[in-house]
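Just dropping this structure here.
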Amino acid sequence: MTFTEKQTDPTSEMHWLGDMQADYFYPNGIAGDKFFKHLKENDSFLATKCKKCSKVLFPARLYCEDCFTEIPGENWIEVPASGKIRLFTIAKLDAHGEKMKEPKIMALIDIEKTNGSILGVINSNDYEKDFSGVQVQAVLRPKANREGTLKDILYWE
Amino acid sequence: MSRKVCVIGIGHTDFNSITPGMEWKEIMYEACQKAYVDAGVNPRKDIGSFITCAEDYWEGFSIFDEFVPDQVGALLRPCCTVCGDGLYGLGNAYMQIMTGYFDMVAVEAHSKISDLLTYGDIMLHAFDPRFERPVSGPVERPKYGGSPEYPSESPKPLVGRSSEKERVHPYFLAGLEMQHYLKTTANTEEQCAKVVVKNKKNAFFNPYADYELNVSIDDVMMSEYLFKPMKKLDISPNVDGAVCFVLADDKTAKSLGIEPIYLSGFGWSSETPWISTRGMDALYAKNAAKMAYKMANIKEPKREIDVLEVDDRFSFKELQHIEALGFARPGEAGKLVDEGVLEIGGSLPTNTSGGSLGVGNCIEATGMQKALEIITQLRGHAAKRQVKDAETGLAQSWRGIPSGSGAVAIFKRG
Amino acid sequence: MEEKKKDWPPYAPGTHLRESDIRDKKITYTWWEPEVQYAWSLGPAMSKFLKGLKEGKIYGIHCKRCKRIITPPRMFCEYCYGPTEEWVDLPDTGIIETFSISYLDPDARRIEDPILVGVVDLDGTPPHHGFMHYFGEMTKDEIKIGMKVKAVWKPENEREGSITDIKYFKPYKGGGD
Amino acid sequence: MKEVAVIGAGMTLFRRHLKETGKELSFLATKMAMEDAGIQKDDIDMVVMGSAPDAFDGIHMKGENLLDGAAATNKPYVRVFNGGGTGVFAPIAGWWHVASGVADVCLVVCEEKMGNCYPHPQTAFRHIWDPILDRPLNPNLVWLFAMEMNRYMTVHNIKKEDIALVSVKNKRNAVGHPSAQLADPNITVEDVLNSEVMAWPVQRLDISPPSDGAAALIFCNKDVVHKFTDDPIYVAGTGWSIDSTMWTNRDLYFPRYVAQAAKMAYKKAGILNPPKDIDFAEPYDPFDYKELHHMEGLLLCKKGEAPILTREGVTQRDGDLPICPSGGLLGVGNPIAATMGQKVCELYWQLAGKAGKRQIPGDPRVGVGQAWGDIMQMATVMVLRRG
């Protein structure tokens, strides 16, 4: 025993409720801003090619983290908003650990012509199908409603 | 003459799914007090420096470091927080001792995760806010009308959980990683299930474990798919608990008359935080192990290491880490489970404490819980789960979803 | 050495973002509102302290090795690292250790009527031992460090076991007030 | 123990909002430090990140999120944290990586993006209070400082005019600092005294602004330092110390934890008489009175004497004991952890003669930097010396 007394009455006051609530505003950054502004006007993505290691980084970055060099403006390239599903999982739980109304098919999609990928939701309720390797296309919001966030990609199919 | 660093005292609380009778301060105090008594030292006089391993959001304070010194005995002493797993703390303690500034350093790590009501949402909060997090569900921005102007009212604390925000549980990423692992190696879901059976059984022999369970492979295979191919029993449930170590240089240990257990090597490494370009092959564990083996002068880990504790927050992670640490060729860890090599009586006993699957996922204390088991084994105090003639042990941990960071520590009996 | 005299940093990289750039949506941004809620377990010390407040009492606890009565109470003493024991019922009077006159709310918005707030050094404890609370029934010109104060409690049926069961501390002359 | 040298430093702009993400800011600062030292990513063995509350950036485990911008991909990387003290504590952690012989070259990056937190960075600060004892009273962070300032002023009978001089000095010193957010060559004591009262005795111009920013520093082992520079700056001593969580159970007029940390660092650095042996100092100055408070804590003067030295001009850049020649937090900005830029990088720039317009006259040889954090309880001290 490390104390002289401990809680022995289970009905006594036991916990104190509180929060750490705040709202968060994330500027999309130098590269992110360019990426999302492009997405607002076009139906394609931007990627960046490192001039040293020639990797095509997706999503677009300001710098290549492996070579640690800045990526110049002319190395920005346009890539189609489509790709192949590398991995997928059928998620049944929400963040509270409770069952969602409908399971969601979450996937990691390799974007064409790049060395990168993106997380996405697959628009399907076929929970038996093997989606690996399936070609998918991003479905975007109508141009008028786009706000310049990842939410502009509604889902993939 | 170069110093050596050794562990001279260990202390821990019981691990329980909830600890309603104790404040976070009190579970820390209990673990630390036990470690100090174990080492036979007075923290107010003998210990030079203190390290706690914690992350703010797990605890519920913007600056958790504030709420540390009193209960670890660090009043008006050097004390700091390392934002990482307990093994990172051990590594930093090692370095502090090697500078010659201190002879004795205490490292504490704990989990009071039952205080946190919104575990899933906090973990989502660790995803990249621009390119990853929004995928999980609604981005709420109703309070201030969608523009960052200065609002006239303070946000009201939410009471209870809001049900309309249906965000996906962040463990979906573990589901993806498991699929990657099964696809790229020859290992199967059954082999993962065997890991669950083994670890939950080992936990029966560990008095402080909280999730011991007598299940068969069929039981595991029949449990529900939550993040296909990941099943309910593949996931380690959360647990509260605290662990404290006292480290010292070899001279101090000898003067205290303690038979030292050396921290002979450690390493850590981080992969890219971008899920979009990460390999998902536990490269972090490979790099960390390389560093630790070099420091501990280990050439053939398979032969030289007697007992092993690897991170098994998800069952497939145990197999993946065994391969990354060099105990099996890629894709062959499953065979070791099939052959019973990883059992307590096998040639490579792994997660004898029950691991995270058996003890529970103790968040930032995971690495410390694993190191604790290694020390217990090397001291020969592991009772029914004792591995015979354990001389060298390895503990490895991973920082959990969504990170690609992990650490390795190697302990040797003196 | 010529190079040494170089003016470094030669420049500071970064792109300044004005409030107007954000308001006029010159840049794109992402919002997120996390759900961050806790239920901190109260150990024996805090439970007893809060229950005491509900009954209109301020509890302290004794560290016998250091001969110190501490409040807010805790189960261990940070000076000697030993366990504490023996609860003490403290008077609800003290002196103002320090104070502030605040025109800010928690989110840094301005308020008209300033809040008087500070630390009360409670009677019955060693010097400089107490807790933070509001002050009332005095103006911002009257408040002074060293002033004697006494707690004003909420009516018994409104108390809920919280530090706010004390409404504020008011000036106190001593005696049977 | 290995001797540790500083070979490069970098620092971004400090502003209320910066367009860059945290990663990108870290990249910019790191890149600059690497250019200064003339090294590549492969030369770096280990990386230390210093970043204060996750609740500012709004990213849980933000150390993990920032690591690619800190050149830490596939490297040993750790984040250390102790509130406001991180700005000097991260370099201390970098120092022990090298001093222990574990790493030869260690990069330290400090980053903060306070602008992310809404409705105000203060919203995150509400959660630094004790959830049971303090948060129900709806506190604002400024209260803390107001209460401490009041105690300090009352015990030593200090006038607000003397304290305002610090703000004036630092905001003027910041002129010429490329990162500076609040430099003002024409500010006067009257401006400070007439500024809006936030929480008396704290007024608007007594406070440093919340900022976004990043800074980076590179340490290296003495044995390999010749590869990078001929004129290295060495870490002479480090110290850190923490006081009790129960801030209402101690007298706030003197920061005994700063004295404790300073004594530790001075002992290691062989400093016997701090005011004489130290040429200049960068004490933590998020509020103007804190500079005075910390000068006393750092044993640079007797208790209650700091305002007198300030009034006499001793602490001006051309005085006998220059304090905050960078412009400090009051002039340059206060992105919590990234204040490493003023508190440690500045020591390096001054000692190496690279401070440009801010250069202290008279060839300084020993400088001390200090930061302070948590709930008025943590002090971190680092002493650098030339040659």
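Which chain is which? They are A, B, C and D, in the order written, and residues in each are numbered from 1.
Note that in this section a residue touches a chain if its C-beta (ideal position, glycine included) is under 8 Å from a C-beta of that chain, and two chains touch if they have at least 3 such contacts.
This is a predicted model, so every value here is computed, not measured.
Peer 1: Provide the labels of all chains in contact with subunit A and in contact with subunit B.
Peer 2: Touching subunit A and subunit B alike, sorted by label: C, D.
Peer 1: Which pair wins on C-beta contacts, B-C or A-D?
Peer 2: Pair with the higher count of C-beta contacts: B-C.
Peer 1: Where the CA atoms of subunit A average out and where those of subunit D average out, how many Å apart are those spots?
Peer 2: 35
Peer 1: Averaging over Cα atoms per chain, report the distance between subunit C and subunit D in Å.
Peer 2: 25
Peer 1: Determine the centre-to-centre distance between subunit B and subunit D, using the mean Cα coordinates as centres, and give it in whole Å.
Peer 2: Computed from C-alpha means, the inter-chain centre distance equals 32 Å.
Peer 1: By residue number and range, which residues of subunit C touch two or more other chains?
Peer 2: Subunit C, residues with two or more chain partners: 15, 17, 22, 27, 29-44, 46, 50, 74-76, 78, 105-107, 109.
Peer 1: Give the residues of subunit A that touch two or more other chains, as numbers and ranges in rising order.
Peer 2: As it turns out, subunit A has residues touching two or more other chains at 2-3, 6-7, 14-30, 32-33, 65, 95, 149-150.
Peer 1: Of all the residues in subunit B, which ones touch at least 2 other chains?
Peer 2: If we look for residues of subunit B contacting two or more partner chains, we find 20-22, 26, 29, 33, 57, 60-62, 69-70, 75, 115, 118, 121-125, 129-130, 134, 139, 141, 143-144, 148, 150, 154-155, 157-158, 161, 165, 272, 274.
Peer 1: If each chain is a dot and touching chains are joined, what shape do you get: line, ring, star, complete or other?
Peer 2: Graph shape here is complete: every pair of chains touches.
Peer 1: Residues of subunit A touching subunit B in their complex?
Peer 2: Those residues of subunit A that touch subunit B are 2-3, 6-7, 10, 14-15, 17-26, 28-29, 32, 57-59, 65, 86-97, 100-101, 104, 106-108, 115-121, 127, 132, 149-151.
Peer 1: Once bound in the complex, which stretches of subunit D touch subunit C?
Peer 2: Against subunit C, subunit D makes touches at 9-20, 25, 28-29, 31-32, 36, 58, 115, 119-120, 122-123, 126, 131-134, 136-140, 142-143, 146-148, 150-151, 154, 178-179, 196-202, 212-213, 230-231, 244-246, 248-252, 349, 352-357.
Peer 1: Show which residues of subunit B lie in contact with subunit D when the two form their complex.
Peer 2: 55-57, 60-63, 65-70, 74-84, 88, 91-92, 94-101, 122-123, 125-126, 128-130, 144, 148, 150-151, 154-155, 267-274, 283, 287-288, 291, 399, 402-405
Peer 1: Over in the complex, which subunit B residues touch subunit C? Could you list them?
Peer 2: Within the complex, subunit B touches subunit C at residues 18-26, 29, 33, 36, 42-44, 57, 60, 69-71, 73, 75, 112, 114-118, 121-122, 124-125, 129-130, 133-134, 139-141, 143, 146-150, 152, 154, 157-158, 161-162, 165.
Peer 1: Mind pulling up the subunit C residues that touch subunit A in the complex?
Peer 2: Against subunit A, subunit C makes touches at 15, 17, 22, 27-44, 46-47, 50-51, 75-76, 83-85, 161.
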